Structures are given as C-alpha cells and as structure tokens.
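Before anything else, here is the set of structures, which you'll find just below.
The following pair of complexes shares a single chain, chain A, combined with chain B in the former and chain C in the latter.
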Partner chain A sequence: MRRAGAAWLLVLGLASPAAAQSMDTYGMGSRSVALAGAVTADVEDPSANYYNPAGIVRDGQLRILAGWFGAHHELTLDDEDSNVDPVHGLVVGLNVPGNIGDFRFAFGLGVHLNDQRVSRTRTLPRTRPRWELYDNRPHRAYLSTHVAIEPVPWLRFGGGIGFLSYSEVDLRIRGTIDVGAPERGSALEHDVLGNLVTIRFPQVGVQVQPTDWLDFGAVYRGEYALSSDLHAQVGSPDFAGDDAAGLTVGSIYVPAYLELLSASTGAYVPHQLSFGASVRPIPELRIGVELTWLMWSLYRSAIGRTDIDFRIVVPPELGDRIRVPPLTNTQPVPARFSDRVVPRIGVEWRPHASPEVAVDLRGGYFYENSPAPEQADAYNLVDADRHAWSLGAGIELRALRPLLPGSLRFDLHLQYSLLPARAMTKRSPIDPTGDYVAQGHIFAGGLVTEVRFE
Partner chain B sequence: MPRLASALATCALAWTLAPALAAASPQDLFGYGGRTSGLAMTGTSYAEGYEAVFANPAGLGPSRRRQLAIGLAGGGFDLRIDGERAPLTPPRGMTIGFALPIPFGDVLEDRITIGGAFFTPAEALMRGTVRFPAVPQWTVLDRAQVIAIILGLGVDLHGLVDGLHVGVGVSALAQLFGELDVRLDETNAFSSIVELQLVASYAPTAGINYRADAWGLGLSYRHESLSRLDLSVRARDLPIDVPVLNVGGLVQYDPPTVVLEGYWRPIPDLMVVLNVTQRIWDFYPGPQVPTTDMGRNAPAPELSSYPSPRVAVEGMVRDERFELALRGGYAFEPSPAPPARLAPRRTASGEPIATDLVPYRLLDNHRHVLTAGAGITIHVGAAGERLVIDAFGQLHVLQDRTHEIGRADAGAPMVTSGVILYGGWTARVEF
Partner chain C sequence: MRAPCAISTALLLAACSTIGDAGGTPDGLPHGGTGEFRLLDGDELGIAGALPGRAMVLRDAIERAAPAGDFLFYATARLGEARPELPDGHPPGDIYWPAFEPRRIHRASAWEEGVGGFVAGPEVLAASEPWHGGEVYDPWPVILEDGTARLYYAAAGGVGLAEAPRVDGAFAHVAGPIVAGARRPSVIRGPDGAWWMYYEVAGTLQAARSEDGRVFDPRGRITIGGEDHGEGTEVERASPGAVRVETRAGRVLVRLYFESLRDGLVEGERAHVLYVAGSADGLAFERHPRAVLAASDARYPAPVLLDTRVTLLYASLPFFGGPYQTRAVVASVGPAGERFAPADADP
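Let's turn to the complex of A and B:
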C-alpha cells in the first residue's frame, strides 16, 4: 500500500512545462515520424512523451535519446515563395523506469529546442497573407515531463500537466520628443511591468495490450491558446503630473496622451484525441493505424481586439505640421475553422535480427485536411490540405557489453509533404490582396541515436 | 505622435506574444529543495541528488539510486517603507527534481549521474519589471517570480581519488530581442511589422567536493544569469521625425556566485555545516536602459559585494525502517545596495552627469535568516527503495535601514524594514 501510495504521489504531483506546436506539425523522434505518427498504441521510446505518455513505462528500460530534426518549406502564393522559414533543432528524450516491489512506474522527459531561438513571433499587417499553421507555430521550444504506471501487465496509464503562459503587460512612457532634434533632444523614459501568467493543460494516455501481437492506445492532449493582453499609456490623461508626455517644437510644448488596450491570440493548439491500434501478424512486421480528432472549430481568432484613446492639444500655429490621422478600434475576426480528423498508417519491417544487430525499415502516410475556410474576406489565414509520406530506417547494435549493458540505436527518417493547390477567391473585386492560389511542399528529416539500458 | 505611441504599444504587445523560459532567482533567495533550504541555504559540500543540481553539481557524483522529487514552496513578504506595507507579490511554486545515475559498465560503472532541478511559479512563469528610477523598487528581493530550469552532471572519481567528485551544470534563461517597424501602407493607413525572437542563454555552474568519513569540503561557482528585454521601435513616413525607441531593460539578474563550504560529523548522526557565499554584485548594470540612443540613462546602481556567512546543524535519529532528521541554521545576507539617494543620471555611454541629479530609490536591507526543517525517511522496498519527505521554514528579518531621501522628493529620509516568511516541502522517491 505504501508503495502504491508513493507511486500515485508521483503521478498526481508531476507536471510538465510545454509548448508543443512543432511536435504537432512534424512529430517527435525518428522512428515515430517515419511511421507517420501512428504509434499511439505501442510507442515505447522517449517520443512517447509526446505521442502517448503511457508508453514510457512499457518496456521497463532506461532510454536516452538525442538527435537532430529539420524541416524546409516551399510554400507559395501564386507561385511566389512565401518565405516561410525552415525549422531545425535538437531533440532529446528520456524514459526512466522504476519498481517499488512489483509496482512499475516511469517518468519521462521530451525536449525539442530550435537551433537559433527558443521561439519566434512575427506579427504582420492584418491583411497580409500568412501560412497560419506553418509560419510561426513551429518556432517554439517543446518541453514535457510525464509519469506513467503499469498496474497490470496489459494496461498502462500515463499523463502530466502542461504549463504555458499568457502575458499581461502594462507599459508607460513619459517625457518629451523634441521635433527639431529627436535623437539628441528627446527626453523619454519608460516603465514596463510584464507578467507571463501560468496556464495549464493536461495530456493523458492509455495503452492496452490484450495479446503479444495486438495493441490499442488512446491519448488526449489539452487545448491551449497563447493570448496576450496589453495596456499601454503614453503620457497622462489630464496632461499633468510626473507622467505627462508631449512634443516640443522649439519653445512650444504640445501635450499628448494615448491609451491602448489590446488582446490577441498568438498561438493556438486545439483539443486532440487520438485512437490507435497496432498489429504484428508476424514478429518481423508491425502495422499501425490511427485517427486523430483535432477540434479546430474552437479556435476563435488570430486577429485581436484593439482599443485606442488618443488626445492631443495642437496649438493653431502647428496645425499644418501636426495632423492627427483617424484611428479606429478593431474587433476580433472569427477564424471559422473546422474540426478535422487525421488518418495515419505506419508499417515497420525487420529484415534482419541477430544477437549482435537488428535492422528496421519503415514507411508511413497521413492526411490532414485543412481546418481553415476559404479566405474570401479581407483577412488571409492561409492553409491547404496536406499529404505526408515518410520513410525511415534504423539499426540497433546489441553487443556492446561490458561498457553498455543494453543497446545503441541509430534511426533516420525523411518526410515529404504535399500541399495541393487551393484557390482563394475574394468576395470584393477591390480586395487589396485579390485572388490567389496557395500550395507547396515541405521536406523534413532527422537523425536520432538512442541508448537503451537493460 | 499617435503613430509613435501606437508603435510603442505594438512593440510591447509584440513582447507579450513570446512565451518565455526565463531567469533563475527563487533558489538564489531561498535555496532549492527540502533539505538544504532548512539548513540555511547551504549544501555545496553535502547536497546529494536533485538538490545538488543547484547547490553543487559535483554532489550528483556519488548518487547510486534514481531519484524523483516533487514539492511545493511559498511564502509571504511583509516589507515596509516608513511603516507602511510595500506590496510585493509573494513567491509560490512547485519544485520538480530528478537524479539519474547512468548504468554504464566497465570503467564507467558508478561514475556518471545526470540531474535536473525545476521550479515553476504558481502565478507567473516570469515577471519582468523595469521601473522609473524614482519609483521605490526592491531590486534584490523582487526576483522570486521566475521559472527555473537547471541541468547538471556529476562525476565520481572513485578509483582515482576516492571521495572526490566534480560536476558541471547549466541554467537556462531566455532573452527577448525584437524589432518593430512602423510605416504607412499602400492605403495610407498605419501598419507595423513585428519580429521577435526569444533566444536561449545559458549560465554555467561548476563545482567540486571531497567527502571523507566524517568531514567534507565543497567549492562551487555559478556564473551570472540574466534576462534582457530589448526591443527597437522604428517609425517611418511620419510627419515628424521620431527617434529609435529602445523599450525594455534588464528584467532578471543573478550575480556570479562563489561558495565555499565544509561539514563535519563529530558523531555519525550529527552534521555541522559552515558556509561562505560570495555574490559578486559589482557588475550589475541596473535594470533601466535609455529610451533613445542618445537619451539619458538612470543612475548607476553601484551595488557592492559582501560575503554571506552561514551555519547549519542537522541531527538524525534512526531505526531499521525510519530515519528522522531535524535541521536548523542561520545566514546573514548583507545588502549589496547603497541607500536610496539622489544620484546622477548617466549618458548613454555610462558617464555620470553631475548636474542631473535624480532620486534613485533602489531599496534593499541586510537580512538575518533563520531556518528550520525536518525530514522523514521511510524504507519501503526490499531493494533499498526509500520515500523521503522533507519540510522547511525560513524567517528573513530585514534590518531597519534609513535612506538618504524620502518616499516623496520633499519628504524626510525613509526607513525600510520588513519580514519574509518562506516554507515548503518535498517528497522524493529513491529507487
């Protein structure tokens, strides 16, 4: 009882900081990506930290994984390159099993860290076309930790709580801008209060293994949206006090005040529910199939709300030099995305196995229908369907004792994605963007090495 | 002007779009883990397992069992200026740690252990604050709302020098760099392009310790860790020229720290610890940056370095299945900050301008820290598995300090004082 209590304490207490967009688009690890992600039923390497945390307790072996991943985009609008940046970085994973008496448990760690940055955001003008699912979402780090238990030999549970944050920023600027000598004569200072406020989302999974050759699995990943709230004040609303701001034109002081409230969503990952099965009709052959339901219909908007209050007292003699343009508030534009169901299939064949070495060959395919509607209005959240084919191979070296009581694996994968042409026809004949056709290709690959201790 | 203001606002908004990993300060203020925090934030010589990842990664070297720990910690600030309470968000968060001996064989057997130490604040993963210089600000204490991510590797040099261990580690931080370009678009409407990058930065740690039967010594070094917010705003096509605006500053800072520590066990169940912690604050540049390239900066913070002495005692009572540990300690944390004062602004290149004196209310006090703790170890498995529960409490008493200026520009010199209570627990399984 004490043993079970200790293990449940771990299960209930552990949590996982995470940010998961690159995993959703390109997968994690090499074997699992080569199998098109159809691994929820039987994944057991450290990529289980993304695909199904129940798998980290599956084989009871300490596993350490490290590798490199990269993806190159060739996405175009009317055959002009959209300059969607490549993504590449390190992949690290860890499965640590343990026993207290007969009670089996494990904890795991999964990390994807881009080479050049932890994350990147790019905010474009509201009407400029952007590849909503590929432009910014992959440019984030991924970090997750999980715990799993195996109460009986055919049943495993795993899970954790994800951590992300949304931001609240209060910015104040005061002082003066010298219109005659803006660099030398301006006297400004600023005060920034910024909070990255914690949000949490769950990831839980289960694996059921009724026989040696048949596995089932299910996993749920929670929704999260990285919203951003900003309150900015420049100057003082009554144009007085220490926080006042304004312009100086010669000896003339022009008091001004601006208050801005803004709220938007910087990144969104929908609720996801995956069901998978794998079968081994012969020991050398594994076939996995899977369906993933992504609830994109709950995505509210990528275009946020902005409220502006601007006041300036322009003296008549400066009426020609300082003209106030019209400022309009904006409201969120519904994204009107739809749910999608993603089918996946992956096949693995082991043509050679001996006490010294084993070789695996893999292939997979999945299809993602686009959740984005046709962009007929002024805004352009571009997306297209995606067909992804993958190939992979692995070699396992098994005779490395006494230094390594286990095995050393090397896995390689290549993935090609085709985004077939999708025409966007505008309702308005004077739309500033006009009609266009979106399409493209994505090339991805990776190399992973894994040390496994028996 | 509206475009300028909107540009600034958009720039700040852009910062908010980047989720952050960030700096590492709760453990610098209160220690890390359930045991060492009850022992006056010591541990460089004796800490083991996940606690060693922060205290001294060399302490990972002798680990032989896998270790997984969770815990909660939190506290409250009662800081006062002229007797009135100064609001400061109390730290609360979750501790997660692990230690993993790598089971190589042959010459690497019982040689290498890796570990991780994480602290996730309950409310804000990071709080970045850059205040106007005249605003009272607790720069040293207001650093407790930030996530900590630390990894370490320890090596046991048994066979070469029995009892000697070395270790290295790294704490991960994030810095934000960005640009905002504001211009008129083809429809003569305001538009902006924002690109922000959250870049990882790393602060290395290194340590060494030697453990004999009844005594041990440890030495560790943690490099400075800092997090900057650095955004440039450029506005073009406006009816007036607007300077390039720099918004942000140094939002998180832990100074370089050297720790020397020893412990002695006069009897097997009693441990006495002596520790000297030297934080090198001399290089702290202050949180503010000039808002324009040629603008004036806030005064220099002029922080100084003083050693912090610490002493702690741990006693044990044991039987076959249980162990009970009682702990206590004291630390003196001298303030590195000068009193709030009138100080000269600086040019953008850092030269003081003697004719431009402004109030600079960077507040800090000497602290006397009393700690206490207890730990229960339960042997739960036939193979030596253990469940260990540690709890601790800390009382930080801020020594009264009279500053050179008052809270208001015309007021009498202000007096700062206060109390901090902090406590927590951890539970870990060793298997």
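Let's turn to the complex of A and C:
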C-alpha cells in the first residue's frame, strides 16, 4: 500500500490545471460509446484509460485496442449551417498488467489522434457566434497514462495524468509600409516563435465489485483550460533601432509602433465527477447507469483580453490627413456557465456465446443539459441541450490458438445526437447579431479492434 | 492480384482521408441589420456599367424611393424650362426644386437581372388636392395581405394616402392629410399588430398609431437612446425608414433607419449620415452607435428584409450630371459581407 500511496502522490503532484479533446464529447472506444459512457463501474477494456483508470487492472490481461472514430456536425443558427468541422481520428489504447506476488497492478495508455489536425487554436472576433462546446474543443490530440492497483479482489484504484498543450505565439515585424504602393514599395521582415506548451491534468478512479453481478465505480477528471496567447509587436517602442517600423507616404517617413497582446481560452473542460453502477441480473444482460457532475460554473471566459498599444508620430505636414482611430483594450467576458449533471444508461445483451465466438448487442442514451446561459448580450457562446442515442455491436473470436493466445474483438458503434432548438433573445433590440435559434444534429460512429492476450 | 489491389486502394483512400484541411468558418451568421452596409456593385445589380450601388438610371431629379414587392416607388421631376440661379446658402446636397417641374410619384419595375435594380416606370400619383400644394413626394408603399396596395406620401399639407387594388394597379387619392404638417412617412405593422407611421416634423422623428392604416393617432416624438460613436454632433433627425422584423426567436421588433444631421463633421455644412435604431414597442428606440453606410451625404433610407438576416437598404446619394445637382437611388446590403451572385452567373 505504501507503493500505491507514493504513486498517487506522484500523479497528483504532476497534475496542474490545464484543455479539451474528443473524448469528453464523443467518448472513447466503440463498446463504451455504444453504452453511452455508462461504464465507469465496470469498464475493463483500454477505454478505461478515459472512463475509469481503475478498470485497466480489472481482468489482468494484456489488451491492445486500435480503431477509428468520426463525428459529423450539422449545427445551425437560424437554419444556416455553422460549418462546425467534423472530427475524426485514430483511437489507441493499451492495458499492460503485472503482479508482484499477490499484488496486482497495471499500466495503461490512451491515445486519440485526430487525423485532420493534431491541435487547433482559433480566436474568433469577440461577438461572433460560435458553438462553444463543439467548434474548437474536440480538435485536440489526447494522451493519457495511468497506473492501477487491485489491493483486494473486489477493490481497484487507478489514476494518472492526461497531456495536452496550449499555444504561445510571438510575432515581431519590422520595416516600412509604403502607403502609396504597399505591394511594391514595402520592405518588411518578421520573426515568428510558436510554442506548444504541455499541460497535464489528473484523473483518478475507483471500482468496487461486491458481488459477481454488481459493480460500482467513481471517477474524477481534472479541469483543464487551454489558453491561446498571441503577442505581436510591430516596430520598436522608441521608434529607433533595428526593429523600428513605419509608414512611408511619398518621401515622408512616419514612425509607428503597434503592440498587441491577445490572451483567450481556446478550450475548456471542467472538473468532472462520475458515479456509476452496473448490474447483471442474468449473465447475458448487463445494465449500467451513471451520473456525471460537470462543474461548468468554474469556466471563467472563452472571450479573452486584448491589449493594444498603437503609436504613430504624425509629421506636421500630414497632420490633417492622418487620423489615428481610438483603440481600446478589451477585457475578458465572464462565461456565466452553470454546472450540469449528465445521466447515462447503457444496456448490453449477449445473444450468443460459445467457446469459439461471442456476440454482443448494445444500446445507450444520455442527456446533457446545456451549461451555457441564454446569450442575451453582445456575446454568443452558443450551445443547446443534447440527447444522444447510441447503438453498437461486437463480435469476439475466441478460438484463435495457435495463431493468437487470446481473443480478437471487433466492435462498432453509431451515435446520433439531437440538439433541440434553442432561441436566443437579445436584451438590446439593436444587437448586431440579433435574435436567433440554435439547433442541430451530430452523427458519430466508429470501429475498433481489440486483441486480448490471456 | 485483385485482392492486393483492392486492399492497396482501400489503404490509399484511408490514408488520403487523413490529409488535413484548413477547416471551415461559420457561414450565414445571424445579423441584426445594424452593422455597416455595402453598396451593391453593378454585377450584383445586373445593371452593366452602373456606378456602385446605383439602383436605377434616371436623368430626372429623383428623391426618396421606397420598394414594395417587385416595384420601387419614387418621387421625381423633370428639369424645368427656366434655369434659375442657385441662391446663396442653398444647402449642399439638397436638390434645388424651383429649377424642376412639380414632383410626382412614379413606379419603377424590377430590373430583369440581378438583385435590387429597377427600371424607371410610369407616373402613379400627381397632385390633385388643394392641400397638395401642387406636388406630391416621399412615397411609402405598403402591400396588404389581400394584395391591396396603399401609397402613403407627403405634400405641402402633410401626409396623404392613395390606394390601388394591386401594387401594379392604378392609384387614387383616398384621404389626406391624415397627419397634418408631417413629411417622409414610413408605415409598418408594429409589434402590437397595429399600423405605425413614423414621420419627420421640424427635425424630429415622430410616430402615429392606427388600427386601420387610414386614421392615425399621433403619439408625438419617439425616443432614441443609446450611445452615439459617430463623428460630429447630431443636431437633428430626419427621414425615418422603418421595417418590421420577426426574429426567429419569435419576437417582433422595429428597426428604424434614419438620417442623422450632424454638425462638426464637414466644415461649414450639416452632414447627413444614416443610422439605425431598434425598438420592441415601436416608441422607445435604442440606436446602434455607428453609421450604417459609409458613403457621405446618404439620405432617405428605405429598408426591405430579404430574410431574417439580410437587409437591402435603399438610399439616396448626390449625383452630378446636369446643370443642377440631383440625387441617385442606391441600393446597399447588410451584412456587408453578403454578396449576390453576378446576374450572368449560373444559378
């Protein structure tokens, strides 16, 4: 137990508030998604690396999972497509068991790698409507590592950390812009420095199995917030030196300096606490239920601050021709989200099982009430409630010796989400965006293969 | 060989599917009709060689124009025989009407190609009543649910009303002055379902309410609050152009475009700049802080909604093409990013 305690301290010590990925919205693996994510109590395949790390030690077998996942969005504002990009990519999971004497443990690895873009940072104009939970958040790679122990046969603990990254971009421009012929007469140089800085967030879980037909589980996933920082500097503040910049109007040189600092949150996932139970009233039937508490009220803001310092030294002869517009700094806008509790239910039925092959059929449902308030002011963090129904099936080939000392599984799932119409009524009758109705559908699916070594 | 080829092809397609793309950006975003509008270009209007925004080519003096269905009603007058000298102090941008024949109201038909363009049409209303003072102007047409058309207009004594069985039919004067002393009428169904007329009296915007659209009960000045970030100082408001907006969220609003007459913007002149205000009750308005049209000396706004997010705004800009300055009818669109396909493009 002392070793286990040290492992926990290590995990928690490395964790820091940190960003979002596909799993929070669409789940991981096919079996678990088909069961609507109601698997915290008894998950044991490599998707446990997301749902409950305690599960990676559950069956003591080496399991390797690989598959593909995709989601297509049809989200609209006033029936106009919001062009929310699809998300698809590879899913990989690994459970590696071990034991020292009677002490069982396991290591796990979970990976989701989007195949279109590993990570996307996007900062939109402050008032532009954006589907806050679907537009940018899923476009992240996900990597998590876990360790789990089973001190007694009915109790398992697991924990680990997930890795994500946020971006810091530094842009410097120097030289001159010819106002009369900007394409031909300008001479500009720039330096760009971009960093993807790693962040980590914790995930811990427990599974309790008092009987063969009843399981309980709980999991905590840490908060993470991906910031996106841009620092742009044009010219030098004292208008001199190698970094100086300016405009040329004919033969007149106009020294100028611009410094822009933009800081915003590109993706956020709140603290999450899930409690689940599963029951097998008969060996062929498994029913799982779950409640997940997501602390969205801690979400500070998706709309960040912008600091602008713009200076221009207008020569007297151009005093009446060049007018510098007033530029004001902007402050973060509170998100004012609310916590939400997500109920889930998943049912799995095994209509056929033999020493050679087993077949499973699955179905699930969950409901996510929107944490976003009605967008009555100038800002538009669009969201709507979500009803998600899923179906899935799996087949396990068990008699593959001597080719494979274990079994081979194929699972697939389909998920349909309905986001019912939500009207956004603006407080101001002259709001630039105006009233609108947000609604949509999400279609997702995936296929995974899992090899299990006995 | 077929199986390896098929597998290779499948793998190649799978690999190609993972090639990254630039990603989409939101399209067709909702719009409150408040930001900056853009003058349509000749390709969008379908009028080859037209100056930016010019919705109708006409040599005669033309003032306010307002659309209804496939028609545009406008007040116009031919140049008179006499060539009186422009008096000192005549406001720049104003048409010098003594040089023209009495104004009458005409009806233009939609240009066959493009969006927002019209071809000049016949006279539909001329002065006939003593209170007209010899001319009629400031048309504002309304088409009722049964197809009947009403034409509100102004004359020397105030606002009058003419009607026709259809918008393309013959109009006849039926009542007037229904609001004495008013001009630039703009009539819509208000949020309460009644008829609301917005009009100009001595540099102020006022409203009147009616159950039947014929007998109006004046309600006095409307209030326009909110911040004004425009240059110069607003000293008067004129030429209201109202539109009823039924939002997708189920709310009915009034958007009122108007001229803001401003001092301190152009030296020695009073500038005309178009602004917009919104109201949920038709009387208390909140203005958008910035002008809706960047063009200088824009006047006589007349909006029409194409759908819940796209608004066409007709207005008037100075035109110099004869012995006296006149004005041209222009069409603009908001949001400014909205572009109509060129008239000769395939649908």
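The rule is simple: the second predicted complex is superposed on the first by the 399 of 454 C-alpha atoms of A that agree within 3 Å, B and C clash if a C-alpha of one lies under 4 Å from a C-alpha of the other, contacts with A are read in each partner's own complex, and residues count from 1 in each chain.
Heads up, the rule we're going with is that a residue touches a chain if its C-beta (ideal position, glycine included) is under 8 Å from a C-beta of that chain, and two chains touch if they have at least 3 such contacts.
In this text the structure is predicted, and so the values were computed from the model without any measurement.
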item	value
Touching partner for A:Ala141 - first (chain B), second (chain C), both, neither	first
Which superposed partner A:Pro129 touches (first chain B, second chain C, both, neither)	second
Touching partner for A:Val437 - first (chain B), second (chain C), both, neither	second
Which of chain B and chain C A:Val84 touches, first, second, both or neither	second
Which partner, chain B or chain C, touches more chain A residues	B
Partner chain in contact with A:Arg117 - chain B first, chain C second, else both or neither	both
Partner chain(s) touched by A:Ala256 [first = chain B, second = chain C, both, neither]	first
Which of chain B and chain C A:Pro429 touches, first, second, both or neither	second
Touching partner for A:Pro237 - first (chain B), second (chain C), both, neither	neither
Chain A residues contacted in one complex by chain B, in the other by chain C	116-117, 120, 432
Interface residues, chain C side, partner chain A - complex	17-21, 23-35, 226, 245, 247-251, 253-255, 276-280, 285-288, 308-309
Complex interface listing, chain A residues touching chain C	77-78, 80-85, 88, 115-117, 120, 128-130, 135, 423-426, 428-437
Contacting residues of chain A [partner chain B, same complex]	2-3, 6-7, 9-10, 13-15, 17, 19, 62, 64, 94, 96, 98-101, 107, 109, 113, 116-126, 140-141, 143, 145, 163-165, 167-169, 171-175, 177, 179, 182-184, 186-198, 226, 228-230, 232, 234, 242, 247, 254, 256, 258, 260, 262, 264, 266-267, 308, 310, 312, 321-325, 327, 401-405, 432, 453
Sites on chain B touched by chain A in the complex	1-6, 8-10, 12-22, 66, 68, 70, 94, 96, 98, 100, 102-108, 116, 118, 120-135, 145, 147, 149, 174, 185-187, 190-200, 229, 239-245, 247-249, 251, 288, 291-296, 298, 378, 380-383, 385, 387, 427, 429, 431
